[in-house]
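Listed below are the structures to be examined.
First chain A sits with chain B, and in the next complex the same chain sits with chain C.
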Partner chain A sequence: MRRTFLSRLASALGPVWAVAAVLVVGFLIVLAISTDPVLAYRDLLFANFHSASNFALFLNRLMPLLLIGLGVILSFRAGVFNVGAEGQLYLGAVAATAAALALPDLPRPIGLCAALVSGMAAGGIYGWIPGALKVRLGVNEVVGTLMLNFIALLLTEYLVTHPLRDPVAYGAVSRVIPSSAWLAEIPDLPGATSGTIVAVLLAPIIWLVLFRTEWGAQLRAAGSNLRFAETVGVDAGRLIMVAMAISGGLAGLAGAFYALGIGHRFEQNFSPAFGLVGLTVALLARLHPIGLLATAAFYALILNGAAYMQIDTDVPRSLVGLLTGLLVLMMTVRPRRSALAGT
Partner chain B sequence: MSAERDLLLKLQGVSKRFGEKAALANVDLSVQSGEVHVICGENGAGKSTLMNIVAGILRPDEGEILINGRPVHFSDPIDAAGAGVGMVHQHFKLVPSMSVAENLYLNRQPRHWRVFSDRAAMRAGAEALIRRYRFELDPDAEIARLSVGQRQRVEILKALGFNARLLILDEPTAVLTPPEVAELLMIISQLKIAGRTILFITHKLGEAKTIADTITVLRDGERVSTRPSRGLSEADIALDMVGREMRPPHRNIPPRAGDRPVLALSGVTMTTALGRRLLDKTSLSIAFGEILGVAGVDGNGQTELTEAAAGLAQIQSGAILLAGRDVTKLSVRARRNAGLSFIPEDRLDRGLSATMTVSENLCADLYRRKRLVGPGGLLRGAAVSAFVSATIRRFDVRGATPSLPVGQLSGGNMQKIVIAREMEKQPIALVVAQPTRGLDIGATEFVHGQILAAADAGCAILLVSSELSEIFALSDRIAVMFRGRVVGVVDRAVATEESIGLMMSGAVVEAGA
Partner chain C sequence: MMWASQFLAPTLVQTTPILLAALGAMITSRANILNVAVEGMALVAAFTAIAVGQATDNAMLGFACAILAAIAMALLFGFVSIVLGADFIVAGLGLNILAAGGTLFLLEQVYQDPGGLRPDSFPEIWRVPEGSLDWLPVIGPAFERQSFIVLIALIAVPLSALFLYRTPLGYALRAVGEDESAAVAAGIHVARMKLIAVLISGLFAGLAGAQLAMDRLHFFLPDMTSGRGFIGLTAALFGAARPWPTGAAAFLFGAFGVAGDRLQLLQAPSQFVLMAPYLAALLALIFARWRAAVRGRPAPVERKAP
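After this line comes the complex of A and B, so read on.
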């Protein structure tokens, strides 16, 4: 047992070293281009904690990364390469907005719940479609989810510029959601949506489901060796469709939280590619829900910190893109162990 | 022993450790020029490690390698190839999407102006090589389209193309069908006549006896014996390999004849999408406590037969009955719940998920049956590990802990996990395919014991094997399949290897009942 604990610790420390190395290399780059590298780095990493409102913005970025990351983990563990989180997120956001706008007179908890359920259902169905296409017709899920992203983006663009459009606002935004359907803020943190709390609590729950239930074992069996899963009587097709529906539902929930708790309306450009970053943090966490808490937090930290860095110094926020590239590179490095060749 | 100068290869005091474990301890070996030298040993005895050292893949911790009396230190396989040592691995190292000729000339293609590959010269060279050794191969054929036996011949040619004087074959027959084995043994005797020296690794005694001039036995990383093959019996070799007398397991309770069949297939037909018949009106029935062995050359419908019975493959017509109940339309899970177990032919393909743990592979569909699920659907961790630990002990799975990825176990211990899972349910019927493929003598004995014990307990067993000796050792009746049909069912008491072999070749349509 001790041995497995140590090896787990070692595998958890791997990403930590990678992050540290990337920060060092990043600092060297900032040193080369900036007149005030220390301030730039202090902003990037610590400005998030300078004020309650900065911290609230950090939490708001953490929420979609976590929910999308958890969804990605579920689908990847089931062996489905779901790259459609962005589309599922958009549909969830627009469906929640539409529901809240269509039912303005419902009492508070009911209206809010209806909007949340609409968002989850829209994302869920949108995740289920490529799952069903894969299982029933053999359509490759990468192609399916990628193409559905475009459909979702164009569909929401139509909705937000026509039926849902706010006639008095500038840009592609919907009418403001009635405050009866707003999601509560975290007490004492103005601007921070309580959706983040739900997202953080879901991480250990997803871990339990994946690693401590029969369903989770079946899901991972289907994902790691489909023919084995079939042989021991797992209905893998059904399992894959359910996993995709939950995965899409989580992305949809992120969209609903965003519309109801942060934007209070649907904005066409609300996502700085949350879908893609959510996928990245899930992969960096090696598809582990608890590891995701760390990778998503780190990403939310530098995504948000980069904004302050750009304001205060001459370092552009595209530094984050560079750090991301370095980090992915670092995480794919594996030390060679030649002594492990078998007998 | 002949003169020292005839020694092509000499190893002195070779040792190799992997971490704590000594894989080889102080091994001496002398290989005469022009002989076929067989290295025998159980899985994990150090055969492959020793050969990997000779072929330059591993470096010894201690000891010397001499070729033609001169010490050599190989830094990699290319180095070894330069010295005339070529190795054909158990898992082939070929590029599936390239042609035979391209694979033969990989990394050393003839070139025009040092840049463009000279395909005509490459093809001509490949053809000459194939003709010289009379291998029936098409130089333009894509590797992916070749059978396993043909791929192996490409590997052998590749080694010969590098002018290997010493050819090492690592368990070459493990992946072959019986006719392919016969062909390979023929090829080896031709190579010997052509003056090549061959080191042949196996744990199959029959083969070793047939082909060897000299047999060396390794056990637990040490050399036990090196003796001329002539005058040795299979029992002598087995004794050296295992270190104890073998006791072949036997039935305690004979099957009760005339009982109602527990598992029956009637008129089962399965076709490919193009209409080719994989199973053609196949009918079999197995009684309480009976073992029905299915013999046949691989690829005559045996795989399809087992998958149809297990519910993993759709059948177009016919019926499958389990304890008198029609289960044709039932899912895999429903059949398993009704008391059917299945041990598939390839443990890493269908039998296990290599990256998941021993515990997860063992418990796969036993969680509810063994009451391992607690309130709220959560698994009861303590109960799971108690069950898994007890099962590991009962089935003597060596090196296994519940949280170890199952792919890290040896082949025999992996197979024990599959068998444990399928036997734990106390099935009323068991479909088992190639139960001992790739296993050594000790593990084979264990697996055979388990199958016979299940039959003693009343389980009806459908046993598919391409090893005739296994069929004869376990079966009560023997069915022979040819081109998707059952061409005959014979009582073991009256069957002979010759009569069954004849039926396998399709020469006899019906023999007895």
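After this line comes the complex of A and C, so read on.
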């Protein structure tokens, strides 16, 4: 009992060391380039809590990271290396926007639900495609999802500059969604979307599904040992496709929440690579839904904090991109054993 | 025949970075590595080419440093994945994020312009002189004014075929990809072979990035590789990591890019034009797998009447 607890603690501490190492490297860089390194780092980590509006922005960044991370966990647990979250997120956002703009006269709950469902469906279908291609034809899912990302981003750019375009606004943004389809804000936190609450609540639910249901056990069996799973009668191909569809649906939901709850329109550049960062936090949490709550919160913290750091000091916000690259590069380093062997 | 060379010339320009990235990905995939990192290596090379070329006003120095920078990135990738045992795809994605974040960081920190690096003047690289190939119909005019990197890329296809199929190193490399245990049993140093493959992919990615930045544009933009490394990787998969089919696939995707450009003359929205190579790469991959699935299907069993 004691030993299992200690080994669990050890596996939980691995990511903590990784994050600590990255923060130290980052501080050394800041020390080298900045005249006020302490202020830069204080902004990066703590400016999120300086005001209610800062905290609301932090929560808004947490939402997509959590939903995308949960989707990544599901697909990776099913043995699919899904790097297509960015495309699924964009399609979800644009589909939700299009639905809300096309149905402006529906009463509030119905219109909102229609928009959310369209977003989830668009993301889900876009996740199902590479899953089905992998299962049916053996098309490599890494390459498939990478190509689909580029295609999705160009497709939404077309939609937002042509049929959905706001003729009076500057830049690639859609018309504003009618307020009847807006997602509610969190009470007492102006600007913070309630989608974040849904995302946080989904984490334990996904944990339950993965680790406490037969479906979850079959899914993990399909991901960790495909031949064993098929020998004991699991329809692994079907499971993988369903997992990919749910994974895409979660990313699509994140996009829908973003459009309906935060931007109130579709903006072509709304995502600072949420897809890749969502993948990062999921891997950092060792594909565990509860651990994801911590890693996604950390990343939302520094993604948001970097903006304040750039305003207050001479340190550019792209420092976070640099550090993320180092983190992902070193994340799966395991001398002598490889946790992701075979993917 | 004017139209043929008018189509061939831009196809060569568009194909070259894809072809070079594809050859890099092909070599690593022969050593059983799915190399998504060619994208990031090429991006770093493009940045280095412009930064060094601007600072020294010497195109060849910029070119050389671009290659070296990409090989350095490849060395980092190889060290982390082969020596430290990180997952190749995760580490490759990490390298890509590091390349994108690192170049953006340098743009903001050193050049104070996150929008890109646009030197007022940039030294010219060597090109095929105008009029020197008049005697060759169609192909000649298409090659005039092309950069020397285009020629390197074309020669690299037969060279990599020679390397893979006619040299001891190539044999050992392919043995690693076919069956690692058998390769170990045959006395091949597997880790060393993989590292060599990664370094060669760095060389190719460096050439790809240098071509992208130095041939026509003479500037660097954040994420300017925009997936050409990934398209190259798809070409290598489509060509089943064989040099000639891989090269042909790269040409096909490059030609689709040019065909997309021509569509723009018909008032097609630019987004669909830009989509053409990605869509072509994805559809080609699906087609290749579909054909393999159809061919691999067991023949129908004829049932005899009881």
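One rule holds for everything that comes next: the second predicted complex is superposed on the first by the 326 of 343 C-alpha atoms of A that agree within 3 Å, B and C clash if a C-alpha of one lies under 4 Å from a C-alpha of the other, contacts with A are read in each partner's own complex, and residues count from 1 in each chain.
Convention: a residue touches a chain if its C-beta (ideal position, glycine included) is under 8 Å from a C-beta of that chain, and two chains touch if they have at least 3 such contacts.
A quick note: this is a predicted structure, and the numbers were derived from the prediction, not measured.
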item	value
Superposition-derived comparison: chain B or chain C, residues of chain A touched	C
Chain B versus chain C as contact partner of A:224, first or second or both or neither	first
First, second, both or neither for A:139, with chain B first and chain C second	second
First, second, both or neither for A:214, with chain B first and chain C second	first
Chain B versus chain C as contact partner of A:161, first or second or both or neither	second
Touched partner set for A:151, first chain B, second chain C, both or neither	second
First, second, both or neither for A:235, with chain B first and chain C second	first
Set of chain A residues, in rising order, touched by both chain B and chain C	339, 341, 343
Sites on chain A touched by chain C in the complex	33, 81, 83, 133, 136-140, 142-144, 146-148, 150-151, 154-155, 157-158, 161-162, 273, 276, 279-280, 283, 316, 318-341, 343
Residues of chain C defined as touching chain A within the complex	34, 36, 76-77, 80, 84-87, 89-91, 93-102, 104-105, 107-109, 114, 226-227, 230-231, 233-234, 237, 269, 271-272, 274-275, 278-279, 281-282, 285-286, 289-290, 292-293
Interface residues, chain A side, partner chain B - complex	4, 208, 212-215, 217, 220-221, 224-225, 227-235, 339, 341-343
Chain A-touching residues of chain B, taken from the complex the two chains share	18-19, 23, 44, 46, 48-49, 52, 57-58, 310, 312, 331-333, 335-337, 342, 344, 349-356, 360, 363-365, 367-368, 373, 377-379, 381, 401, 403, 421
